[in-house]
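The next block holds one structure in the form of structure tokens; read it before the comments.
Labels for the chains are A, B and C, by order of writing; each one numbers its residues from 1.
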Amino acid sequence: MNFICNFPFFSILLSLFSGTVCSVLPAKAAKAVNRVVIIAVGLMSAVLLLYLLSTGESFIYWMGHFPAPWGNEIRAGVLEAGMALFFCIIMYLSMAGGAHKLPGEVVESKHNLYYILVNLLLSSLLALVYTNDMFTAYVFVEINTISACGLIMIRQVGRTIEAAVRYMIMSLLGSGLLLFGLCIMYDLTGHLLMSNIKESVAQLIAAGEYQIPLIVSVALMCIGLCIKSALFPFHAWLPDAYGYSTVSSAAILSSLVSKGYIFLLIKIIYRVIGFDIFNSTRIIDVLFVFGLMGMIFGSLSAIKENDIRRMIAFSSVAQIGYIYMGFGMGTQAGMVASVFHILSHAATKSLLFIAAIGLTDVSGGSRKFIDLTGAAYRNKWAGVAFTAGSLSMVGIPLFSGFISKLLFAQAAVQVEGKMLASLIVLGISTVLNAIYFMKTVIRIYTTAGESPYSGVTFRDMKAYAVTLLFFILLNVALGVSSQPVVNMIEQGLAMFA
Amino acid sequence: MIISVILIPFIAGILVPIIPFQKRWQKEVFLETAVVLNSILVWYLLLHHSDSTFLLAHFTGNLNISFRVDGMSMVFAGLVSALWPFATLYAFEYMTKEKHENVFFLFYTLTYGVTLGIALAANLLTMYFFYELLTLVTVPLVMHTLTREAILASRKYLYYSLGGAAFAFLGLIMVIVYGSTTDFILGGVLDPAKTVGKTNVLLLIYVMAFMGFGVKAAVCPFNSWLPQASVAPTPVTALLHAVAVVKSGAFAIIRLTYYSFGTDFLKGTWAQDVVMAVVMFTIVYGCSRAVKETHLKRRLAYSTISNLSYILFGAVIMTPLGLVGALTHLVFHAVMKISSFFCAGAIMHQTDRHYVHELNGLGYKMPCVFGIFTVASLALMGVPGLAGFVSKWNLAQAAVESGNPLAWGGIACLLVSALLTAIYMLTIVVRAFFPGKDFDYGTVSGIRDPNWKMLLPLFIFTVFIILFGVYSQPLVDFFMEVAGGNI
Amino acid sequence: MYFILLSIFFPILAGLFLLIRFRTPLSGEKAGTDRKPLLVLTGIFLVITAVFAFAAPLTAREGFTLFYLTETLPIYFRIDSVGQLFSLLAVIVLLCAGFFSFSYMKHEERESRYYGFYLILFGVLNALCFAGNLITFYLFFELLTLSSMPLVLHNGSREAIMAGLKYLFYSLCGAYGALFGIYFLYQSCDTLTFTAGGVLKETAVTQHGGFLLLTAFVMLLGFGVKAGMFPMHAWLPTAHPVAPAPASAVLSAVIVKAGVLAVVRITGYIFGTGFLRGTWVQTVWMCLTLITVFMGSMLAYREPVLKKRLAYSTVSQLSYILFGLAVMNEASLVGSLFQVLAHGFVKAALFLCAGAIIYKTGKTRVEEMRGIGKEMPLTMWCWTIASLGLVGIPPTGGFVSKWYLALGSLKSGLPVLDVLGPIILLVSALLTAGYLLPLTIHGFFPGGDYDYSGLQKKEPRKLMTVPILILTSLPVVIGLFPDTIAGIILMAVKGR
């Protein structure tokens, strides 16, 4: 076995231990460790990705070399490695973009706690990405939840505690359902390893036994993960959680945490149940319908919103609806589109959160639109970045959002019964996106007389501006040269099967 | 070469706020030179065009951004590049009274490049790309005055346009999936093997895409942004909201209908009936609203709505002759409407009067402007000997020849609209020249014709209105060639 | 060919020259005291134009194309007998009314505008008469509307402006109706050149016969607007009276005849009477004309304002002509064309008389004009003679035309309408007498209780009376030599 094959395991452990290390380090050092770890993990993922692309097949890593069913397995394919790399990039940029706000948002004494949580979150995300074991997955789901909760709560404002509690309850509900599903599945198949479950499920289906418990189990797992990833109508926890936490947290939560769960769901669909079996259930129709509804209602809520952060948060609901719509189509193309949208949305949403903070900072900290008037002139970089993010969300060519829209639409056309519905909702949702994002863009570019707030220049916020620049570049890169990424996704999904 | 004509305006536009011009005239000279140079380049390109496609970048899959000069691009690019230098010249004079000149000229010039991008696009994706871009670069122009009204207007414009594009996007998807290529090929690119059994869905999507692109072409019920957008400075309303932007919509629909879906596929279907009915309704609706409207520029904007639907009417007849009619009106209406808008702008600039009832008796004070306005009005009405008659004649002939009874009804709509046009245009003329017996001429004292920078474009346009009216044959022959796919 | 062009473009250019050269100051005062140069120039231009217009038919009778509007739309001129007939009428009336205006317009503002458009109108009318195909005709038909509108709203009162707009929109409405037909005809005809007997394609008639009939009907209605045919006649009684009297004369006597000429052209020279005869279009059209005849007379009878009364009378009388055209046989056509001349001269004379009365006394309502005959005997005599002509008392032209019309109608063999037509014509003639002659009667015999003391000689100047005299004598002249004129007209009808 190649040395590189250790990388997934290394990266999980690295982030896990660095979290522990951070607890004893002073805040500054913790920050440095955090950055280094993210970069290191990113580099490892990149190397892994290159390796996998060169070998062209996935591998399974036995932890401690115990074969299944006793050992714990990690599996790495192109998709996993790519996702891990991408998560690292986004996480690094989000941390960098929010760094200058941290002192104001979190009390000094809790800074290293903050980094612990981030590192834990990273490790759990990596574990969700790489694991080949349902129970491990469940464990890291819980770790993920806890660290996410901590990230929300670490900014100790009244609203965040409420939000964190709400998030906690909903998330635990989701985890509970996932656990139920898992138990039933274990009952039915007697396995916890994904590949083994898949074989048994195929046999059960072939034999025609335990159909209903099987469906129930799948449904429970799906619902659990849907709740955690804030699919409409389980999104009630989301706006507050994203809207009031620290800026980096919001960016990470919206673009990574929910995506981690979604990625787990993809793994379950492919690796546990089997793509075809999953598609033959009615669950995908339910997902499809909820996805469509999410696209519309999420945007409608966002339109009504008067607070820029909450608006962006609601927009996430809509975007997650897109992803589930892709699942609901039940085709390979739909899945590719969804995975691409995971990337695209992650890149865009974190950009928006980071840019929004720049805008609110120069507007006296207020997030109300009325105060944001002309903010883009006061903070030019944030203004440009927010505009770029909005354009990507609306789906203007050259930005990543356009490609996901394109992929979704192309996928939709191939699905006979769902084509019209998805196309029309796609159109309507674009209109709605345009309404609230462009409203904001126009608002921040409107000058109505002298503003009471002073602006900032590039010199005041070098790191911030550079982060934004990278975000925009990432977006454009996804938008312009999407073909390699799409190829990679296709390859990765092929490896899943 | 082909990309340079798109880039030059971009570069020139971006340079405007960057170069620290000492004097205003330096900036004017710089911009005008850039624009004229670019126009010359465009014309050179059009006249020496080769059939080759210029590939700029691969997008995803087999999609790419590429440019090519074909007949349609020649018409639209030629039109735009012919009008832009004049409009710029006019804008210099007009903008003396407005603020934020640099930003204005930045986006104004950018728009030139983007519009050329639409015209020269070789495939649907490239066109869609520039189409979206056009929305974005023109929003700041609508917003320009930053009044509440302007902000509302630009918001509405943005929502409508982006929303429309969202549905036009569906058409793009259909062409990608069911077509053999996304390149523009006269007669359509749909692959009959793939479309079997999908006809109705495709037609539905066509209607949606039509309405989507139709937003820019102000098809009813998506037209209300256009009159509102007339809060923008007049050079914008004149050039963009009478020519560049709205005609991009019409152009896109022609591309979609003739070059992507293909008329063979669409002709005689319910989709054709639907879009034709919509267009016919818009023709009459726009005019009726224009009659009711008392704000001069908004009245002209409503008139534009109606006239754009003339073009679309020609397009949805879906015969080569229909295309000829559409193209004729595309070009002729541009000249007529820009001329009348510039008159309106000159009136506003010289007198600060915006409403029709304030124009009493101005005809004697501004004889040149109102004389030209009269010519433009008569041309819009379709008086023989002026440009409007020829284009209407071509449209009507196409409709008659198509043998489609609905299209025959469309002729009636054209004529009703012509009558309404007479009402809303000539009342202005009559007011200006015949203010009535007890009119107090003291109220118009001190008002004069504007200076040559404003008048020169007006005179040139008027010459063209008359020229097209009496001698349009070469141009129409050229359109015939385009519609026949020979160019 | 040069004379045709000269007769068209010389007056148009001359008119433009007047408009530009004699621009009136803006202050709204009376035009400069020195009217002489303007009047002399106008007079010279009018005469020259008239000479050109007379010379045109003598020099060239074959058609020529001036240029092509588009490849398939030539602007083509040709003189034929019908055109010549209308041109004759136009030239005489325009000359007389033109000279009449020299003194009438003394008190009006902006004279130069009036004369400028008057001359342009002259050119356009010539062009209409000489137009050789439908496109050319349509072109000048629109221009006619546009160039005559300033005459209607000349006095600038609110009422006049509204009337001008009403006139404009009705006319355009009609013109667009006609244009609708032209669009279709273009595809159904080999050519749009006026050719006696029609130019419809055989195939088109067999394929779209029904639709072509509808087209014909729309065109008739459309051109009928200009000729004041029911149901689109409402503009006429509004627009004609508000214009200055000589302009009213021109409008009522000549411009409305452009509508008649259009109807002649499309029925005889485009569709061909053979195609229309015996169809529903003919029936409906005849009914409409008869309604108009009767209605016009009735309204005129009830109307107290003199000029308005004359305008209603025009509505009625024009439909005599249209009725004749609708019957579509030889006698009726002769009657119609005879009526064109007769009515043209008579109506011009009547309007000029009314103008003279207004000019001299300022009275506009009929009941104010008691005893007017004592003040203006010459004018009133002319009025009386012209009235008799309109009523149709021999030996005036009006009698001859009505005779032929009735004859044609009775010969036509159409059910019901062949008899109903002449009856309505007769009734209308009685009404005509009823609304015109009271002025004569009260004018000359104001009654026993009339106070003669306030009377004074108010006969207008020669510049006014001479045109009236000429125009009054002409219908009598043509009435005295009916055979000659009818012969000429018959030649015109046959020589198509």
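As a working rule, contacts are C-beta pairs under 8 Å (C-beta built on N, C-alpha and C of every residue); 3 or more make two chains touch, one makes a residue touch a chain.
These numbers were taken from a predicted model, which means no experiment stands behind them.
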Chain nearest the overall Cα centroid: B
From chain A, the most remote chain by mean C-alpha position: C
Chain centre separation (chain A, chain B; CA means) in Å: 43
Centre distance in Å when chain A and chain C are each reduced to the mean of their C-alpha atoms: 84
Parts of chain B lying in touch with chain A, wherever the complex brings them together: 57-61, 125, 128-129, 132-133, 136, 139-140, 143, 146, 151, 154-155, 158-159, 162-163, 165-167, 169-170, 173-174, 176-178, 201, 204-205, 208, 212
Contact set on chain B toward chain C in their complex: 364-365, 378, 381-385, 389-390, 393-394, 396-397, 399-401, 408, 411-412, 415-416, 418-419, 422-423, 426-427, 430, 434-437, 439, 441, 469-473, 476-477
Contact footprint of chain B on chain A as seen in their complex: 391, 394-398, 403, 405-406, 409-410, 412-414, 419-420, 423-424, 426-428, 430-431, 434-435, 438-439, 442, 445-448, 480, 482-483, 486
Complex contacts: residues of chain C adjacent to chain B: 26-28, 67-71, 73, 135, 138-139, 142-143, 146, 150, 153, 155-158, 161, 164-165, 168-169, 172-173, 176-177, 179-180, 183-184, 186-187
